[in-house]
Each structure stands twice: as C-alpha cells, then as structure tokens.
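Multiple structures are listed underneath, in structure tokens.
Here chain A shows up in two complexes: once beside chain B, once beside chain C.
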Partner chain A sequence: MAKSLKSPLAILSSAAMSMPALSASQPSETLVSVATSIYQEGDARSDAVAFGDQERFEVKTNQFYLSSPIGRNWSGTVSYDNEAMSGASPWGTIEGADGDYQLIMSGASIDDSRNGVDLSLTRHWRKQSIGVSVGYSGEHDYHARSVGITYERDFLKKNTSLGLSASYSTDDITPTDAQLFQRLDSGSKHSRSYYVSINQLLTPVAMINLGLGLTRRDGYLSDPYKLRDVRPGKRLERTFTAQYRHYFDWQSTTLAANYRYFWDSYAIDAHTGDAQLTFGTGSRVEWGPTLRLYGQSAADFYVPWDDYGLEDTIAQSSDHRLSSFGAVSLGLKARFKMGPAHIVARYQQYESKKHLGLRSKTQAHPGLIRFKVVSLGAEYRF
Partner chain B sequence: MYANSHVKGLGKLIAFTVLLLAGCQNVEPWERDRLAEPAMQLSADITGSKLDQQVFFSKEAASGGTSAAGGGCGCN
Partner chain C sequence: MRLNAYRFTAMGTPCELKIVGSKRAANEIALRCQQEAQRFEARYSRFIATSIVSQINAAAGKIAVPVDEECAAILEYADICWSLSDGLFDLTSGVLRRVWHRHRSAVPTREEVEACLALIGWQKVRRTQEGVLLTQPGMELDLGGVVKEYAADAIAQLIKDAGFDSAVVNLGGDIYCLGFSPEGVPWRIGIVNPLAEGPLAEAPLVNRGVATSGGYERYRVIEGKRYSHLLNPHTGFPVKSLMSVSVMAETVVAAGSIATIAMLKEEASGLAWLASSGSAYVAMTQQGDTIVGNPE
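Let's turn to the complex of A and B:
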C-alpha cells in the first residue's frame, strides 16, 4: 500500500471534498476554465492532388467551461466553444495515369465558423444523482440540437459507481451552393445514444471504469460536399471502453490509460489506446507525455476512387475517414499552479498511416492527414 | 457469425466485470486522497478532452465511448 504523506485530518478532508472519478456526489468547488487552441493540418502532397488547392484545414478554437455547485443539492455546467475554420477539403478521388489515386480538392476558400453551447443541471442525493442537459451547435450550413439525461448511483461505500446516460439529437444540413454543384438542398439526421458504465476503486491508488455505448443514427448520413458520396441511411455504432488510473509514489506519478473498441454496421471496427503520464502530481508543476494509437478497418462500401458508372442509389464513398488506416499521436502537457489559478499548456502531433490500419487491402489514401494542435488554457477553482 | 462472436465477447466482459468486483478490496474514505487528485479523474482536463473528442470525431470513423453522444457538427 502507498505510504500517505498527509495528516489524517487532511486526508479525510480531501476525501470528503473531492470524490474520485465517477460519483453521484455534488462537486465541492466551482471551476472556471478557458482555453484557446490552434489546429493545423499539413498540406497535401502536390503529386497527390489532381485538381484544387493543396492547403488543408486550420481551425482556431476558443473554449469556456463553468462547473459549480448550486445550493446544497444541485450542480450545473455551462460550456461554450467557438471555432473558425479555413482551408481546403477533399471533394473526391480519381485514378491517376500511373494507377495511383489522386485527390480532387476544393479551393482554399472554405471559411466557416461554429458555435456550440451545452448546459447541464444535476440534482444530487446522498447516493445518487440525476442530471439533464441540452446542447446546440451551429454553423452557417449545419445546426445540431441535443438533449440528454444522466443517472449515477454509488454502491458499497462509494467503492462502486454506476452511470447511465441517454441522449437524442437532431441535425439539419443545408449545403452552400446547392444549385451550382447540384448538391442536396437540405437534409436531416437523428441520433439516439445510450451509455452504461461502472466505476470501481481497486486499491487506494488504482481505479477502473468500464463502459458500453450504443448509438443509432438515421437520416441523411452522406457528405453533401463530396462529388459522389452515398452512405446507408442507418448506422448502428457500439463501443466498449476501459479506463484505468494508477498513482505511483515514484515522482508522484499518475498513469491514465484508456482503451476503446468500436464496431458499427458499416463493418468498421477500430481500436484506440492512449496513455498519459503525469509527473509531480499535486505539486506546483505537473507535466507529462501522452501517446495515442489508433487503427480502423474500411467501411464495406468504401471505394478507392469515385465510380460515376454506379447508380447514385448504390452506397459508395471515397472519404479517407472510411478507409483502412491508423494513426500515431504524441503529445506533451504541462500544468502550472499558482494557488487556485492554473495555467495549462498542451501540444499534440498526429500522423495517419495506411499500414497501421486493420485489414488493409487497397493503396494508401492520398487524403490521409497529419496535424498539430497547440493549446493554452487557464483554470480557476474556488 | 459476426454477431455471435460479439455476444460471446460481451459474456466474457460481464464475467470479467463480476470477477473484478469480487476481487476488489474495500477502499475506506480516509485512504482516497490519491484517488481524489485531479490527475486521477476520468476527465482531468475538461476543455482539453472536449477539444480532443471534437478533433478525432472529425478525422476518424470511430467516435464515442465516454458518454451518450450529443449533437454532431458539419465536420463529419
């Protein structure tokens, strides 16, 4: 067992004030968090582009988050995101003269913004809580509205916690230049999502969380900005997740390790694993590296290049996100504490590769991306 | 066949969960100071986690796995 460094009174206070991970308990403090980030994709290779711009996406994001207890039995959260996107995106692929696939890109004239708001309110009892949430995300051509409900219950002296949640969302899209490019005038999709998880304290320094998720989407699921993209109108997605946390006395190190298995009715399955080490946990400077590995198989209607000979009722898509590929992501994160105020800095680098994909049969998609994300944020707790 | 293997997988998962719960020691409240560290929480960095979810949701086919999914965006 780990040796405790705090006095018994401090331990009891911290345990009472801050419950571990998933718990039905009311939060004990108010948290205000702001962050600004830049996401930058690497340009497409010149030999991979048959038409259009090589410049890929850049996204600037500003975030605000507030979480607070309300009275003796309630708590609430407010979250706001603003994104400004610019750059070019793939319209489709064609087979080049040498047999390689090449991208047809849009011009680098895409200039859009997104605003997202999420609100939640939770009622807490001694061993359980019920929360409701609403959300809205709006772009000039896309609007999504969602509602959700969450139930959490603690068992066995709060060694075990059960979480249940469900949500419903409806999304509407009205593509720009619909008549000019013979795109769909408008479309909508509906998503129903369910999630169940169990959180278990294993020892005084380790805990695990296991979760199962189910999401059913139906409606217009294709990408209207592709030259030819026809996807099945129903999609069933399932996830299994395992999240593990461990505290080591050496360098006051925390390990956060997560795994997700995803499988859906498009015949895609995917493994995602990530780990983050945090050194100096509880000290004025916490820092550590992150590693994320991802691999997915292709959708059963994925085609390497668009086939205009097929009727437009037959499913096909050359979207690189539906191809077989994998990705490696490396990052570094640091948190500087000055009393109740924290400064958080993050850097992440991502590179997707065909050979890391599952059951890969076709050539590498020329649209596979690499990107960097730099974030700077501030938190205040009181 | 595909569905059968997943049903078997789910059965193994439930069995694993039951064994896990049966094998756990009781952690008393005064032993939980390390478990209560912010870095030990499932979402230790809320804004960072939300940004990651948005980025990966828009660039990969797999998504979800931390809660019931909310609304989408034009990015995917």
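Let's turn to the complex of A and C:
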C-alpha cells in the first residue's frame, strides 16, 4: 500500500515519482523508527477461575526498524523487537458445580522474553522488484526461523500493481517443566504461505487492494502448556482480503477500510472488518479513530471443557481462541511531525464477547479476554 | 570540494546549475544536463514545429499522434492535476492567449472568449493505445505548465545518478536542491518579492524543490487595468488570484503544480488549497501580506 492516498502534495509527489526520470521505485530516504508499547490483558473474573492466578498477560515490547536505500538499485530493512511477557495463562477449563465452565490458570509465574530479528533485501528495477527476507524469533522454549521471497510488478503506468509472495517457516518448541507436568519433550511445525495481491488506483484519491492467501501448517500444532490440547497435525488456512483507501478534501481526511475473510480446515470461519479515519492528512498533526469488528465460528474439535475421558489421540481443545466469539476494538492514533522527526502515539482497547461470534452454540468461554495497548514511537527520515 | 556554476538558456528561460565536485566531472555532467534541457525543449515546445506537442496540435480533430512513455507519463500527471484542481489546471487552456495577447488594446468581448472556451477541455483530449487526439479542430495542447518543472527534476536526477550529492538546478526559477551546500548546511533559496528588492523569504532546502507561480511576472495592461496572465479555463477571464505563490516539495513538478493550481483560484480559495495541500509554501496576497504555511 505504498501508494497511499493523502494530501494533494502526497498525491502529486507520488504521481511525479512514477514519471520516467524519477520512477525508481526504490525508497528514496532512510527511515529509522523506535517504538515501545504495553499490552495489558484485563484480569480474569474471580468466579471464572477455579484454580490458579487471576492476573492475565502483560507484554512490554520494544521495537526498532530501519529501512534504507543501498546504492542505486537496492534497498534493505532491518527490524528487531524484544518482548517481555509476564502473567498467567489458561491451562484448561473444567465444568463448575453450577454447570458454568471455569478456568484452570497457571500460577502468575510465566516470565519470559522473546527476541525477534527480520532482515530483507530488495532489488528494484523500473517496473518490478524482487525481495528476499529471513527472520528469527527466539524464546527460551521456542525458536522460529523463516525465509521469504516477494515479487512486485507495476502495470499500466503504475496504476495497477501485482504482488506475489511465498514464505516458509519452521518452529521448534521445547516446553519447560516437561517432565514435571508430563508435557511433550519437544515438537516442531512447518508452515508454507503463499500470497497474491492486486492493487488498483481507481481515481487519484481512491485505491483498492485485493488479496488471496494460503497457508499450510503441519507438525505439532497443539499448545503444550494446556493440560489437554490435541489438535490435528495439518491445518490449511485461506484468506481473502480487500482494502480500500479514499481521500476526502473535508478536513484532509483519509479513510482506510479493510475486510478479511478467513476459513480453515479446522472449520473456523472468521470475518474481520476495520476502518480507520485520519484527519489532517499531510499536515503537522494527523490523528484519527479506528474501529475493528471481528467474529469467528468455533473449530470443529473445540470443547467447552477438557474431556479427560477421551483418548489423547482424539482432537480436542478448550482454547478460547478456537471458540466461537467476536470482538470489538476501538483505538486512537496520532502522529506529530517536526520536520524529519515524527512522534506516533497509539491507544487501543479490545474486548471479546461470545455473542458476537458466529454459529455459537456453547456457553461463553470464561477465558475470553479484553486488553489495552498503549504505544509510543519516534521516527526519523533523512 | 569545488562549487562549479554553469549558465545556459533552454526552454525560453535562463538556466543555472551549481554542481559540487571536481571541475572535470562537473563540466561533463553539466553538458549532459544542458543537452537534456534542450531535448525537453525540442520535444515539448509548442513553438518548434517538429515537437510532439506541435504534431498533436497540428493533428487536432484529425488523427491520434503516437507518444512515447515519457510524454504519456507527463500527460497522465497533468490528468491528475486536472482532477485535483476541479479542471482549473488544463493543458488545453492555452488557446485563450489568442484573445488575451499582450498587444491587445481592448478587453476581449464575451463572444471572442466563448469561441475560445469551446476549444478548451482536458476531457476532450483522447488518450488511447493509438496515441493522443485533440478531438476538435483548433484545440491546442501546451505542456508549458509541467515540462519545465519536470525537466528540473529529471536534470537533478541525472546529476544524482552520476554520483554527485550536492547541486542546485535552476530552470527559470523552478529549482531543485540536491543534498547540502558545500558548507554542510541546507541550500538557501531566496523567494522573489514581487513588490520590493531582495528576497521575500529564504527557504532552506535539502533534496527538495521549490517552484514559484506569480501573476506579477507576466501581465497585460489593457485600458489602464492590469490583468494577470493566469486565465481561468472555465470563464476564460483572468483570475483575481494571489500575487505570488512559492511551494516547496520533494519534487519540483509537484511544487509547481500546487503553486499553479493555487494561482488559478481566487485569492481566498487559493490560500485554502495551499493550507490543505500538505506542502510548505510562501504566498503573497494582492494587499502585499505574506503568508507562510506548513513550514518544514
């Protein structure tokens, strides 16, 4: 979505950049950004917890990002992020005395950190580019490595562009206290993803992007920290995405509206719609609200409470993320520009609800979360 | 590092290059820049019979003239300017010069102006695979409002591609500043004061362009009254616009079109356009007030 829609300046600048003398699609400036954020889940209700801690997850994240042209035809990006996680997570669910489902939580002993690094290198030609990327993410019990390739091509005077990408990742997990809790010693999974998208400038102030994605995962896909969690060892995920951008003269407003449909071999259907308004686009202060709505159906092996009577080869999971639920999140974002330096502040609050889910038959999962995210970042361009 | 300066004339305007680097390398690139400016003139001037613009104009109402990628891109860019300006930025509006020329001793009559207006309209320009067709005989295309600015960007890109990182390209007031000056500070470009000696303001520029549009430079006095050379393509009459506008942007061509569109609007709406454009600008009103907006 590089050719986003903004002020007349931005529209004309991007139009100018597609003229032959200036049309190297390589980034023309170096961008450095740092950001810090806090993600805080609301505590579980006391009546929803049968055992364990009510305090849920908190994640503190620090991010660094650098993107820069390299020579005349290349560009590269480096990103690094560090997350510190603490709190308790659901181990499972049981049926309470009054027929309600209750959570069995871990003690608030989870205290982990994750470090991730991603590198990409892109070669640009006049109308096309090819990029390769590698990534690594590691926690003390989890290591993931990925490689990817992307191809982009502009058509019809850059009014249309096609994007293709493919990636492969392999994740290894070695759960802690495996012997103590009879967890799996180690497991691994492999994912292959393919994505195709088409971007079309409709008018100078409107753009649409349509995409189709396919991901195949196989290997150990269960959650080893749950008391009983057995998921099918193969998962096929499909997504359809539509993104629309429109610039309005009124208050220099940009509307970004997105829709995503997800359906997978676990029988989960999910719809996501979100909209973001940005006022004062191109001016020194840009700000605006965001609204996001989400709804999904349950996986076909979802169980409201863990059934220890079933053989441990039969698929079942009481993970709230596999239940039928929906969510609403509201946010505010502001960007303050001081020449080449920008400060970006974001706030988001999210609440998941059972009644917003699709084809819901069971009771609300007691583990459905609400959270808040506050983030602050700085960017510098030169 | 040495500052090498060059002057030449192209596109009917004095041009100046300042290139920081060794004299030999700078001489070589300056020559290429001059040739490039002359190529733009030969290709897009409506006064040169062999230019693509003259060919399109000569074929008006008859046949489509094939154009190359560069010309198509310039027309595509002009199309975006036309949409953004609600039709004020119109490359076919040059025919109004037939009735608003400088030797005119009386204000044109309504009939004269309306005869011209019938030949104006970007929507009457058909751009297809076969080429560009002005659909009515007598229509005229004038790329003057885009090509000089675009040439300044293209020449700056030539200098940059040759490995220089400090230079100023000035094509008749359409200026691009590449990198920092030899002193290591931003290049400082004076913005013309239409009412007095000395600059109105100084713009510090690094990898940016500035373009100025002003009704003060070229105007006609008819029956003792001053008329701007900027003509509204909808009414066919001169615009009571700002006195002058200078716009700073990443490219000279974007700066130039934002400034031109501002000058094609009435004073108040010109100022509103500038304020919402997202670009840094310096404008002077007819009363002589200076307004600086969106400073960087």
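Basically, the second predicted complex is superposed on the first by the 358 of 382 C-alpha atoms of A that agree within 3 Å, B and C clash if a C-alpha of one lies under 4 Å from a C-alpha of the other, contacts with A are read in each partner's own complex, and residues count from 1 in each chain.
Operating definition for what follows: contacts are C-beta pairs under 8 Å (C-beta built on N, C-alpha and C of every residue); 3 or more make two chains touch, one makes a residue touch a chain.
None of the values given here were measured: they were computed from a predicted structure.
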{"item": "Touching partner for A:S375 - first (chain B), second (chain C), both, neither", "value": "first"}
{"item": "Partner chain(s) touched by A:T203 [first = chain B, second = chain C, both, neither]", "value": "both"}
{"item": "Touching partner for A:T281 - first (chain B), second (chain C), both, neither", "value": "both"}
{"item": "Which of chain B and chain C A:I70 touches, first, second, both or neither", "value": "neither"}
{"item": "Dominant contact partner of chain A by residue count, chain C or chain B", "value": "B"}
{"item": "Which of chain B and chain C A:L291 touches, first, second, both or neither", "value": "neither"}
{"item": "Contacts of A:Y142 with chain B and chain C, given as first, second, both or neither", "value": "first"}
{"item": "Chain B versus chain C as contact partner of A:Y39, first or second or both or neither", "value": "first"}
{"item": "Touching partner for A:G339 - first (chain B), second (chain C), both, neither", "value": "second"}
{"item": "Chain B versus chain C as contact partner of A:E237, first or second or both or neither", "value": "first"}
{"item": "Where chain A meets both chain C and chain B, residue numbers", "value": "6, 8, 10-12, 15-22, 157, 203-204, 281-282"}
{"item": "Complex contacts: residues of chain C adjacent to chain A", "value": "69-70, 72-74, 76-77, 80-81, 83-84, 150, 153-154, 157-158, 161, 207, 249-251, 253-254, 257-258, 261, 273, 276-279, 294, 296"}
{"item": "Touching residues (chain side chain A, partner chain C) in the complex", "value": "6-13, 15-23, 28-29, 72, 157, 203-204, 249, 252, 281-284, 339"}
{"item": "Contact footprint of chain B on chain A as seen in their complex", "value": "2, 4, 6, 8, 10-12, 14-22, 31, 33-35, 37, 39, 61, 63, 65, 67, 79, 81, 85, 112, 114, 116, 118, 133, 135-137, 139, 141-142, 144-146, 148, 150, 156-160, 165-167, 169-171, 173, 189, 191, 193-195, 198-205, 207-213, 215, 237-241, 243, 245, 247, 254, 256, 260, 262-264, 266, 268, 270, 272, 278, 281-282, 286, 294, 296, 299, 321-322, 327, 333, 344, 346, 348, 350, 352, 369, 371, 373, 375, 377"}
{"item": "Touch list for chain B against partner chain A, complex", "value": "6, 13, 17, 20-21, 24-42, 44-48, 50-52, 54-56, 59-76"}
